[in-house]
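Some structures to go through are shown next.
In the two assemblies presented below, chain A is common to both, partnered first by chain B and then by chain C.
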Partner chain A sequence: MAATQEEILEGLAEIVNEIAGIPTEDVEREKSFTDDLDVDSLSMVEVVVAAEERFDVKIPDDDVKNLKTVGDAVDYILKHQG
Partner chain B sequence: MPSKIEPGKGSAYPRILGVGGYRPTRVVPNEEILKHIDSSDEWIRSRSGIATRHWAGPEETVAQMSLEAAGKAVASAGIAPEQIGAVVISTVSHFKQTPSIATEIAHRLGAGKAAAFDISAACAGFVYGLTIAKGLVVDGSADHVLVIGVERLSDLTDVTDRSTAFLFGDGAGAVVVGPSDVPAMGPSVWGSEGDKADVITQTVPWDGFRVGAVAELPLGEDGELKFPAIRQEGQTVFRWAVFEMAKVAAQALEAAGISPGDLDVFIPHQANMRIIDSMVKTLKLPEHVTVARDVETTGNTSAASIPLAMERLLATGQAKSGDTALVIGFGAGLVYAATVVTLP
Partner chain C sequence: MNATNRTVVVTGIGATTPLGGDATSTWEALLAGRSGVKPLEGERYEELPVRIAAPAAVDPAEVLPRPVARKLDRSAQFALIAAREAWSDAGFTGPAAEDDDSVGVCAERLGAVIASGIGGVTTLLDQYDVLKEKGVRRVSPHTVPMLMPNGPSANVGLEVNARAGVHTPVSACASGAEAIGYAVEMIRTGRADVVVAGGTEAAIHPLPIAAFANMMAMSKNNDDPEKASRPYDTARDGFVLGEGAGVVVLESAEHAARRGARVYCEVLGQGLSADSHHIAQPEPSGRGIATALRNLLESTDLKPNEVVHLNAHATSTPQGDVAEIKALRNVLGDDLDHIAISGTKSMTGHLLGGAGGVETVATVLALHHRTAPPTINVDSLDDDVDADIVRGEARPLPEGTIAAINNSFGFGGHNVVLAFRRD
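Here is the complex of A and B:
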């Protein structure tokens, strides 16, 4: 069953917490991965791979650079999940 | 009836008998790299884990560094140079294409008329060479094979490119592979992914410097011809290196019949500390496994990185002779190779 927007946000928060050590409650839609959440370009790859596994979605490298905010990632996953 | 051909009488069990390394005398700290790029020591360390690297001086040629490392490897193996039956050198930074650098090294080292040739497999080159050496010893085509990984990547570094200027280093690492009484090298898990050829590449081919060969000659801001450099797509390389190479590493363990719990040492190609840390996490290696982190003070030395790291782990007592080590090389091609070995 496809995940809802809330479930995706919650899952991403857990992933970002695991990889960058950011408290889950700080992972909000409008937050920028690099500027607000201390997720640099390499950590972003780890976040993306973890999200791919969790939400059964493929996020090619070319699309990763468009995911600036948590909301961008939530919307992308919502649209592309299997 | 075809004539009967005698098969070779090699050793069933090849082994790394000795290892040696050479690091150029000049140590280049991040502060020096920062003269040419807008970055910071903190940024470089956080993205790569690299604090210093060695850059070769004019006397520290590819040949000279190779000889230094090879001499140590031969001494450490306890053999005489004339016992070497083949010399295999992996490098992407020896700028005279023919003859090979291997023939010069065989001659200058005193390896007589040993077979000698260069191979091109970038950062996987050392394990590719090891794989070839293993086959030669098993087959009996050579009793002892000298495998050298050597690079002067400072020559292929664009010091003004803020994403790669800090990555590369120079040096040479060598091993001697010879016969053993017990199994000491597992099968190699290796391959290539030519569909990703553009991910890590030399900016301009040598014949691109012929006038008219390409639409625009590679010119720097000063209008001078710009020497080729190595460029890479960092995120793509990171994803491939961490997640795809972890699978290859796991396959190499399985092929050798070694469980992660049996492993003593992990020596991945020293590309970037973040790749190493993430690979260790993905592979779920047990705490007791010693992980090579030579990249911090050596940078990425491509084909030389694994034997250099191996030599340092043994020299500092972090690893010991007889330990079981997983080695994996991966890089431009893309190419990769992993195997399990007993440390010399």
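Here is the complex of A and C:
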């Protein structure tokens, strides 16, 4: 069963917490991974791989660069999840 | 004083070792003659001929925040912990500033030289397991920065904001000492005023242990781990692998005086040479080691009769321990008789590239406290060891101006000797 928008946001928050140590409540739709959440380009790859596993979605490298904010990632996963 | 002849001093020390999570606890354990060697538990070690090692007393992953630790190889974790301790011990309260020296040093005048013998070997091996078991996509994007041998140096450089240069000499078990020697030259030649320098290693894993064991370099005394590392003893049968890091803050004497820093001792300099004999065997007469010692005496104002203590390489291998003593006798003659020699690997195990760092910290503290730590497990001194080994218990060192030498040698035939002196 596909995840809801809320479930995806919650899942991403847990992933970002695990990887960057940011409290889950601070992982909000408008936050930038790089500027607000201490997720550099290498850690972003980890976030993507963890999200792919969790939400059964493929996020090609070319699409990763468009995922600037948490909201971008939530919308992408919502649209592409299996 | 010109820029190529500046006096270099030690103003900070830090360590995380099999004996303790910092320099103080490590020193206390050294004085107490405690062994850090333990049995290696777990299925992955069951088939190995060597099932003992000296693991770090404090797990670095418990010291560093998880988001930091997960991006660092264990060797870089050790280096960062020891460097933070040394940095703070030197009286610095934050990273170097960009343009002024409000913190005590300007970033452009600060260097970092941290070495390891093998680099991020456990990262490499663990990620290969991930590749085989979980596939390409799961290989960590942090793998390269974690496994590169300059990773610890680069991370320490980032931590303190070092911009004068960040370097990583690699010479197997001489790496840590070579790093300190390199740092001394950076200051002496005017490239930097302050350099964070040392060695680190984290190689306790079945593959390095199998490989060293197959070279017949390691002790197989699995039944009595605390007795396994026994330099100079007739029953010695190889080294015991240890892990951890030792780091010092080196500084030009002038710079240290200007900011009112506490000075542990002076670093007189280094003597270097290469055996050019065999890729892994020590040259049995100690010819290369003797050359390094002579180079040290010729390039510094160290007088042999000032030397009261020597932290020997002494890994507990049958050949190496004796070759080192032969070289010392050859170069120092009768002066060797008043030098209290300590083989601290009897307690810490052999930290490979970390050894030169940890043993420099031990040498500096020996001068500072005027006490030579013991060499444990010398129950039956080898007849070929014609020198004054500090056996069993720590020994006081004389008052007045005293000097000490720290020896480190590495596979490949690298010889590094460092000298320190205090008033």
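FYI, the second predicted complex is superposed on the first by the 82 of 82 C-alpha atoms of A that agree within 3 Å, B and C clash if a C-alpha of one lies under 4 Å from a C-alpha of the other, contacts with A are read in each partner's own complex, and residues count from 1 in each chain.
Please note the rule applied: contacts are C-beta pairs under 8 Å (C-beta built on N, C-alpha and C of every residue); 3 or more make two chains touch, one makes a residue touch a chain.
What you are looking at is a predicted structure, and each value in this text was computed from that prediction instead of being measured.
Enquirer: Quick one: classify A:L42 as touching chain B (first), chain C (second), both or neither.
Expert: Both partners, chain B and chain C.
Enquirer: Identify the partner contact of A:A20: answer first if only chain B is touched, second if only chain C is, both if each is, neither if none is.
Expert: A:A20: touches chain C, not chain B.
Enquirer: Look at A:V64 in the shared chain and tell me whether it touches chain B only, chain C only, both, or neither; answer first, second, both or neither.
Expert: first
Enquirer: State which residues of chain A lie in both footprints, the one left by chain B and the one left by chain C.
Expert: Of chain A, residues 42, 45-46, 49 contact chain B in one complex and chain C in the other.
Enquirer: How about chain B: which of its residues touch chain A in the complex?
Expert: Per the touch definition, chain B meets chain A at residues 46-47, 233-236, 238-239, 242-243, 274, 278.
Enquirer: Could you list, by residue number, the parts of chain C that touch chain A in their complex?
Expert: Spelled out, the residues of chain C in touch with chain A are 65-68, 70-71, 137-138, 140-142, 145.
Enquirer: Which part of chain A faces chain C closely enough to touch in the complex?
Expert: Those in contact with chain C are residues 19-21, 38, 42-43, 45-46, 49, 52.
Enquirer: Going by the contact rule set out above, which residues of chain A touch chain B in the complex?
Expert: 40-42, 44-46, 48-49, 61, 64-65
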